[in-house]
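In the two complexes below, subunit A is the common chain; its partner is subunit B in one and subunit C in the other.
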Partner chain A sequence: MQSSSRHPAGSPHTKPRRGGDFGSYGRGLPALSIATVVVITVTLALVFFYAPLEAEQGFLQKIFYVHVPLAIIALCGFVLGGVFGAVHLRTRDSRWDMRSYVAIHMSLIFAVAALITGSIWAKGSWGHWWVWSEPTLVSFLIVFLLYATYQPLRFAIEDPERQARYASVFAITAGAFVPMNFIAVRLSTAYLHPRVLGSTSNLPPRMAFTFLMSLFGMALLFATLCKYELTAKHARAQLRALRRQADARAGAHSSAGWAGGAQRRRPRSAAPTQLPATRMSARAAGRPGS
Partner chain B sequence: MSAGTDVPVSAGTEARSRGERRAPPSSSVRPDPPGLAATVAALLRKELLVELRTLESVPGMSLFAVTTFVVFHFALNRNSVEGDLASGILWVTLLFAAILGVNRLFVADAEEGGFDGFLLAPVDRSAMFVSKALALLAYLVVLELVAVPAFSLLLLGPSLGQALPGLLAVLALGDIGVAVIGTLVAALAVRTRARDLLGALLALPLLVPVVIGGARATAPLFSLTHATGPAVRWLLTLGLYDLVFGLIAFALFDFLLED
Partner chain C sequence: MAAAVLGELPALPLHTAGKYVAGAYIVVFAIVLIYVVIMAIRLVRIERQLGELLAREHGPEPEELDARSAESTLA
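Right, the complex of A and B next:
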């Protein structure tokens, strides 16, 4: 996936500039995207033509190959966001905060999809859109509600540095909350439904293979989307820095003072896309005659 | 906000009482800073003193709880409740009353410079977390001293007497969890725009396991037959939750203070 070193400009975003430590975001993105498309296509073919029909639920059970990987990847993404947050707090490198943000953002989107597919599955097999006796679904909703406050918390803080720190603290706490919450909710629910589809151990081999493939495909999709978002944020930050540099050169201001002042004047500087912009513009300002 | 006059005064008293042990800033030789326990004790004393003088949190929380019981009476159209309905009403009321206290917990420090004063002192920063959590725990205990008898008087069908020992154990474990999470969430939310909203939004999902454990453990205590005590697995769940989040909050709290 990372093998596109033959094309140094793997993505057009990174071509015009050597972005220093930010330059590697777009590399490998085309290869990763193609791999994702191929794996997901193969998986869909497996789901519809290779995996056997389930005896009780019939065709409806196919949603299992979408819903469960979505949920697993979303939960892993949440925990991963917490790990990245911990690395950010240790290293104070704002790139880790950005990764944490992107992981949680993508996981939120996956979580919405998992909730919707889970609801459809519940309606199809149990006749209700929402089933309180299914602990996984309920815990998932609680986790989702918690992470839904991540962005409101983040964007309610003005100072970018403090914003990154507080978001990391939230990400770690919430990441630890995910397993705790699953324990508590599972304890609270009697096992009304036999969990035949809960693990791969009691699946027939063809189903298990299809499930693992779809899990792999979903993980690739998650990685690709995260990479796209990181690259886009990076490109936007670079563009902003370049524009600022050009403005500074056009105006007769000293560029350092201007960049600092612009950062302070903007109320929307709370967005995490601005973090590298601050660093980039500072670096750009410090580089003479480039 | 009546806290405005009192907080700097009490903080000043604190600084003066420690003043003789602190070297002047120009001196290069520093005496040992006070230990964690001494700092926590001093900060906790300050918290309780401020609360006693301003009466900002606890009376409001208690009044809220009692009013909520009245609201439940009319909303459910029931003169008495028992079993899991009773336990649910008690826990929801206590949780929402606690969130009122959580939202007020750091407001005086953020607005009146309490954070700055604390950060200037040569003490362990974790002391602030421990003292705030203990203060919130004390508020919750006082709240329950009012709310539980009021609940028993107004709504509860079965008598409280037999249930009391079990209830005390469950409430103690639940309070620790609420205090730990409440302190962390209050510190996260206090320096944001719309902090009252964010405090509640963050605290509620994080406290769902406490409500599950607390309400499930309390339900058999309030049953008409007094069949059993609280199930051990719920007490264990609450204890595990308190331990895990106590450690996490203790470890992470420092990062919220750095500026």
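Right, the complex of A and C next:
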């Protein structure tokens, strides 16, 4: 999995891209944001005014169009985080580690939303906020709790390179667990939870279309929020690099003057950020991913 | 036009299930809104730090500052 010959040891590899040394994660973000807003607005209109009422649950079934896409996108995001982690281990490119981190971070948020909306649906439908005998619910909770350990595990490691490597290994292992868990639940016979994937053909066409639009809207929302997160982290990393350069210049002029600013000002977040490898290594920064 | 479209739309059966459906959609909206607020806070912080950096870059030169501090020490 290692390709140390390609990249210098001790410095995260960051390829220069067109349009500047560090590229831009914000490219296409306004268009993506607008597309997300439009698709979600149209989907909401479809949910409430186009999709027919379900015979058994009636209006309560409308939660289906937000809860199920949230859960599916969260699980896909976890798997995506594992894929990005694998690419990071293969290439040693810190950008993939950051993408893996952001995908898992965003999936956790989506999973929280899926758990809350599912709980509300359970209360309305079954009269209980949570049903422990329901394998789909419990398995989703297990996956969520597994990924809830990702960030504490990640930030318990001081060395940024080891941190990124271990986080990638975790992302791959947990990412493989997600489909296995999903299949295991599908194979179990004693379930009450309605089947969705693979049964959209059983839905009336208007319901199926609305559901697919909801899924598309959630996927767009996920992509947009990930892009926001990546852009913000990238901007912060660039700002830190600029500050380090300014500190270094000031330090060259006066060791007792502005150079102290480099020690005083530490990055507030321990989250991984893309580093301009040509200017500064992560080790030199002295903080994980700073 | 809008009134005609609204007139054609079916009425929503907001009886007992209405509060649960509203609750679920409000939760999702609130989570997205909280995320946007967090992003806004980050953006403001980045802007402030960039402003500080620019002020430093375009402020007095280090030699000038050293000279000033030396003068104040002598005084």
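Points to keep in mind about this one:
Basically, the second predicted complex is superposed on the first by the 217 of 290 C-alpha atoms of A that agree within 3 Å, B and C clash if a C-alpha of one lies under 4 Å from a C-alpha of the other, contacts with A are read in each partner's own complex, and residues count from 1 in each chain.
The criterion applied here is as follows: a residue touches a chain if its C-beta (ideal position, glycine included) is under 8 Å from a C-beta of that chain, and two chains touch if they have at least 3 such contacts.
Worth saying up front: this structure is predicted, and the values here are computed from it rather than measured.
Using the contact criterion defined above for the overlaid structures, shared-chain residue A:S133 touches neither subunit B nor subunit C, since it reaches no partner. Within the superposed three-chain model, A:A176 lies in touch with subunit B and out of touch with subunit C [touch as defined at top].
Using the contact criterion defined above for the overlaid structures, shared-chain residue A:R162 touches subunit B, although it does not reach subunit C.
In the overlay built on the shared chain, the residue A:I142 is in contact with subunit B alone; subunit C does not reach it. In the superposed pair of complexes, A:T91 makes contact with neither subunit B nor subunit C. By the touch criterion stated above, A:I120 is placed in contact with subunit C alone, subunit B being left untouched.
In the superposition on chain A, contact of A:Y228 is made with subunit C only, not with subunit B. With both structures placed on the common chain, the touch criterion links A:L187 to subunit B but leaves subunit C unconnected. Per the touch definition, subunit B reaches subunit A in the complex via residues 184, 188-189, 191-195, 197-198, 201-202, 204-206, 208-209, 212-213, 216, 233-234, 237, 240-241, 244-245, 248-249, 252, 255-256, 258-259. Listed in rising order, the residues of subunit A touching subunit C in the complex are 44, 48-49, 53, 57-60, 62-63, 66-67, 70, 109, 112-113, 116-117, 120-121, 123-124, 221, 225, 228-229, 232, 235-236, 239, 242-243, 246, 250, 253-254, 257-258.
Listing the residues of subunit C that touch subunit A in their complex gives 9-10, 12-18, 20-21, 23-25, 27-28, 31-32, 35, 39, 42-43, 46, 49-50, 53, 56-57, 61-63, 65-66.
For subunit A in complex with subunit B, the residues that touch the partner chain are 89, 142-143, 145-146, 149, 152-153, 156-159, 161-162, 165-166, 168-170, 172-174, 176-177, 180-181, 183-185, 187-188.
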